[in-house]
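Labels run A, B, C and D following the written order; every chain starts at residue 1.
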Amino acid sequence: MPTSVIGKIVVDRLQLINEQGEADASRLTHLPESVYNKFFETITLARLYNQRALSLQREGRLGTYASILGQEASQVGSALAFDPSDWIIPSFRESGVLIAMGYPMHLLYRYWMGDERGMSCPEGLNILPMCVPVGSQLTHSVGVGMGIKHRGEKKAVGVYFGDGASSRGDFHEGLNLAGVFKLPIVFLCQNNQWAISVPRSAQSAGATIAERAFSYGFEGIQVDGNDIVAVYKATKDAVDKAKDNNGPTLIECFTYRLDDHTTSDDASRYRSKDEVESWKAKEPLIRLRLFMEKKGLWSKAYEDEVIKKASEAVDAAIKEAEGFSQPQAVDMIRFTNKDLSLRQKRELEELER
Amino acid sequence: MPTSVIGKIVVDRLQLINEQGEADASRLTHLPESVYNKFFETITLARLYNQRALSLQREGRLGTYASILGQEASQVGSALAFDPSDWIIPSFRESGVLIAMGYPMHLLYRYWMGDERGMSCPEGLNILPMCVPVGSQLTHSVGVGMGIKHRGEKKAVGVYFGDGASSRGDFHEGLNLAGVFKLPIVFLCQNNQWAISVPRSAQSAGATIAERAFSYGFEGIQVDGNDIVAVYKATKDAVDKAKDNNGPTLIECFTYRLDDHTTSDDASRYRSKDEVESWKAKEPLIRLRLFMEKKGLWSKAYEDEVIKKASEAVDAAIKEAEGFSQPQAVDMIRFTNKDLSLRQKRELEELER
Amino acid sequence: MKLNMVGAINAALAQEMSRDKDVVILGEDVGRDGGVFRVTEGLQARFGAGRVMDTPLAELGIVGASIGMAVYGLRPVAEIQFMGFIYAAIEQVFSHAGRMRSRSRGRFTCPLVIRTPYGIGIKAPELHSESAEALFCHMPGVKVVVPSSPYNAKGLLASAIRDDDPVIFLEPSRLYRAIKAEVPDEEYLIPLGKGEVYQEGADMTIVAWGAMLHKAAEAAEGFDAEIIDLQTLKPFDEELILSSVKKTGRLVVVHEATRNCGLGAEIAAFVSEAAFGYMKAPIMRVAGYEAVTPMARLEDDFKPGIERIKKAYELVMEY
Amino acid sequence: MKLNMVGAINAALAQEMSRDKDVVILGEDVGRDGGVFRVTEGLQARFGAGRVMDTPLAELGIVGASIGMAVYGLRPVAEIQFMGFIYAAIEQVFSHAGRMRSRSRGRFTCPLVIRTPYGIGIKAPELHSESAEALFCHMPGVKVVVPSSPYNAKGLLASAIRDDDPVIFLEPSRLYRAIKAEVPDEEYLIPLGKGEVYQEGADMTIVAWGAMLHKAAEAAEGFDAEIIDLQTLKPFDEELILSSVKKTGRLVVVHEATRNCGLGAEIAAFVSEAAFGYMKAPIMRVAGYEAVTPMARLEDDFKPGIERIKKAYELVMEY
């Protein structure tokens, strides 16, 4: 009679391409080769966009910026598993996700230049503005999921957040509600091992973030976040599951933030060069390149061509972003409410004088 | 290479005395017989206190009241596992816990009469005031645990909350912090199956609340919350573990709220008579009585004596509570800050006029 | 039909839900139980559990989910069981509901309503009697509405639900069942941002809202006072207050919330600037003390009573 | 020694930690990294990780834990990385920190300090520039302090840490490194609840605090203005303001926060009542617009600039 076992939970980790670029063929057969090109081209584009953002910031042409270096597989691989009409709810570090979803890069740059117009998502895409209060976007996915259910649409929600965000109450309330209402949500934890200076080990004593999903009544899985094929596969499965009304999934993308937290951070204050070096060796592009080369999908010439196209796109985006006029002061009032109060109207006049 | 298992979690349930009062002798040897008397006497006292509170409320002599009927084993059994010098952080339904800790009953009644003086804990006890915002007391246990660690005391913290509270972000942040800092806390979830009209099944899709502990890096266990011996044993082990610096434990006491949520609720609106009846059969006193009878620790005479003593204590407490003077209006200002502002002083004068 | 405020709010919800299937209700105990005050009684049976959702105990989640629904295109009406429990959701209100339109430059909007019982009045436990309206009045992007009668409760809530920005709808629990009055079955809207002259008068202007409106009016017996029921606290009806004060030259604002940085301060500051020269007496505020809202036994000592209010009226008149 | 505000706050923390071993620091990145503004630099190395604790990303938990420590008997100093992120912890501040003494009738108290950078000024991302002081001024039980110089930052923070009630200590990020000034090594305390005459004058009284104090003073050149540095916002120094206003007959309050229900409203309402008859001109408030605090590009258009402030001064003088 005394102690009886009433529950068993098993936590899995998915990797499809190892650091040497070797793959388990049996599990990849379902993927058309063009997908790998898409992976390679999008990562390249996102990485170039990111490099340029960093140098623009150094030149004072862009504000504080959060680099995605090292996380491209987790961002691009997951984003490409969604349809453009699905809903994406990003944190503040999701530039790669937005680029993969087709969000105009010049708007992204504009946003990082401190201009709200950069987060005015084009029609046809359903991407919420980047969310600055860490973790506070999590429960929004619940509401969007409820909306999708209410209208009976066949859509999924992808909500992104970091390992740090996983410590916030929002994580708990969001995942618990998603489980209770069995909502079509894919929770994409970008575990890049750091929350500014706080390492994953100090963020939680739990072994994985993925395992938490089970206590909310749905599946969680950890994927090698630098293996874009694994990230894509896990996300695609979760998106399909969501659209088949089989509820939410938590995916922990196990990756690494290779750069400083943001351009106003100095990571050398709190982490070792060795740690960073060891992760550089695992960065996603090396692996994808090796894998594609083995498959005969990669050549120097191909890469040069991809980079050329990407730089042209990035140059054009920067040109367009810097071509924006300074936003109008009146906009801060005009966009605060739909119907302006008398006070707001007086303030508009004051500003227009 | 593909999916590898990176984690396994096993969730246990503890029951030491079944509904027929049969026990697993081997696991009880460590308990002196006097403990069972203490259990019986404290449950009897708490139950009488509770009955009288309900009738006082009906007579308009007490305000809205939250009954503990059915939960006495979970409350008393856990509380008795702490030392008087340990720290107790209750929710709003912990009358039984406070009584077991030796909190003066007249103060409890006074509190339910709408008087803050009822929550002025006597020196010698470290029991925080009952907490009304559900779940918001959870993170306080973290701070008290940090204080105990800071001063190097050999004390434990017991923090109580319900199944409803387990859905709040406070639960997550509290348990996660407790795990990270390895604090001497016993998290006592009083899962009485209902949060007003919301059943446990609608509170979370997770199978148990206990299992969540593992994802915070410490142990969780579900106990039969109507088996006071199991509750006591699980809590005692957790308290000892805490005092040996082995960190927190989550105990899910699986019990049932036999009465309405509070005196302003009507549970018949949302749950069936049958469900309530089936749980009445499992209520803790029946089982303890059977068990003690088998051990020769119970007799009708003994019970009568216990009840007599208890009623005298309760009568005295009510007399004392009703003997209180009406609190002074000035106290609401005097106890808002230590040093009163000029405005507060003016307001005091206005009140004293 | 004669209804109390509970019935009027219930009627407004039913009306809006039948009119627009994107209107959904969510909160703790709002479904099966019909709400702890029975405000949503019968709505789940009528509109289904998909549109009247009982949620887990998670205020942050309730409001966060409402924001997601509103951004998606629905018109959620969230219930927070008591205003004292809205604090856990304040980040969602301030950092998201009130900012989504601005942040996305109009691409996404947040038409949601948060209903919550507020104020002292039912001798309930601690934190069941909060009057924290001023916090929300300070936050750009958010509107704040407080009904004072069954009639305006129905008309104001309908307008709040149709408003394209977030509205905090505060329901004075003291009034839920206090007044029964004629409430038209047919649809009507009371515009947000407009106050109502509750009583005309010449000697002084009294501004109040919700439950205190009635106390303020009771205390005004014997005075030739113009009483304004503010109805919308943010943005409040500047014109109505100004025109009245310019006529009377005297102003008393009455509210239950603690005085410091309460809405009374804003109204007094606004009038003292905009009607300077018109004032025959200092603008007085009658408000809660600089004290934690007490439990039941001291409730009545905390909130302004007839005596305190009358005293203020006399002071401005004697001035 | 010459210090900027970062150095002065760091010095105050070090001083109090060496004086009282119950003083502990906790927050995100406050330890190893020394805080994103380096305010706690070197403190973990000096006092150990047990007293300078890097926490997980959990504002609610940070403040909730601080309350537990304070109730237990320690004197926690919590850092919230930016004021825009304090909202998640507001329930802990309002419903617990500010009420623990009252709720337990003095048996438990809550001597904790929450430090957080506040206001516009470092061209940071959204929600890194909030001025939400008025929210906390409205809450009974809680004190609010804002330094304006390295000197008063050290003296005020020391007093805040020794205060037996919760104190919200708002650090104008714009001033962190803007001013370097002489700060005594030895211990000194600046009492809470007292303002400071920053400049004497006869024609008008200007009340400001934090970063806006300097803008208000800059704009006052050419005016014979008495400028009051409020220092403690709650409870504010009524006597100092009144005596000055009764002398000058004119008052302008300048703050960065949006006007509606800002602290300026309370000061204006208080003075218009208490100094009625002394006022030669309407009390003016120069404040942020009724708008969401914008991102970097529009920051300077949101916060009151020299021109707007000067205009108010001229208006009250011309009156």
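Just so it is clear, contacts are C-beta pairs under 8 Å (C-beta built on N, C-alpha and C of every residue); 3 or more make two chains touch, one makes a residue touch a chain.
Keep in mind it's a predicted model, so treat the numbers as computed, not measured.
Any chain bridging chain B and chain C, meaning touching each of them, is among A, D; the list is complete.
Of the two chain pairs examined here, A-D and A-C, the one linked by more C-beta pairs in contact is A-C.
For chain D, the chain with the farthest CA centroid is B.
Chain centres here are Cα means. That of chain A falls 36 Å from that of chain D.
Centroids of chain B and chain D (each the mean of its C-alpha atoms) stand 40 Å apart.
In whole angstrom, the spacing between the mean C-alpha positions of chain C and chain D is 30. Contact with two or more other chains is made by residues 55-56, 58, 60-61, 84, 87-88, 91, 95, 102-103, 126-127, 140-141, 235, 260, 290-292, 294 of chain C.
Counting partner chains per residue, chain B has residues 116, 133, 136, 167-170, 173, 176, 180, 202-204, 331-332, 335-336, 341, 343-344 touching two or more of them.
Taken as a contact graph, with one node per protein chain and an edge wherever two chains touch, the assembly is complete, since every chain touches every other chain. Residues of chain D that touch chain A in their complex: 28-29, 31-34, 36, 54-61, 84-85, 87-88, 123-128, 259-260, 289-292, 294-299, 301-302, 308.
Every residue of chain C that touches chain A in the complex is listed here, in rising order: 22, 24, 50-51, 53, 55-56, 58, 60-61, 63-74, 76, 91-92, 95-96, 100-109, 140-141, 143, 163-165, 193, 235, 238-239. Within the complex formed with chain B, the residues of chain A that make contact are 1-16, 18, 22, 24, 27, 167-173, 176, 179-180, 182, 202-209, 211-212, 214-218, 222. For chain D in complex with chain C, the touching residues are 84, 87-88, 90-91, 94-95, 98-99, 102-103, 126-127, 132, 134-135, 137-138, 140-141, 234-235, 257-258, 260-266, 268-270, 272-274, 276, 279, 281-285, 290-294.
By the touch rule above, chain B contacts chain D in their complex via residues 87, 89, 116-117, 119-121, 128-129, 133, 136, 138-151, 169-170, 173-174, 176-177, 180-181, 331-332, 335-339, 341-344.
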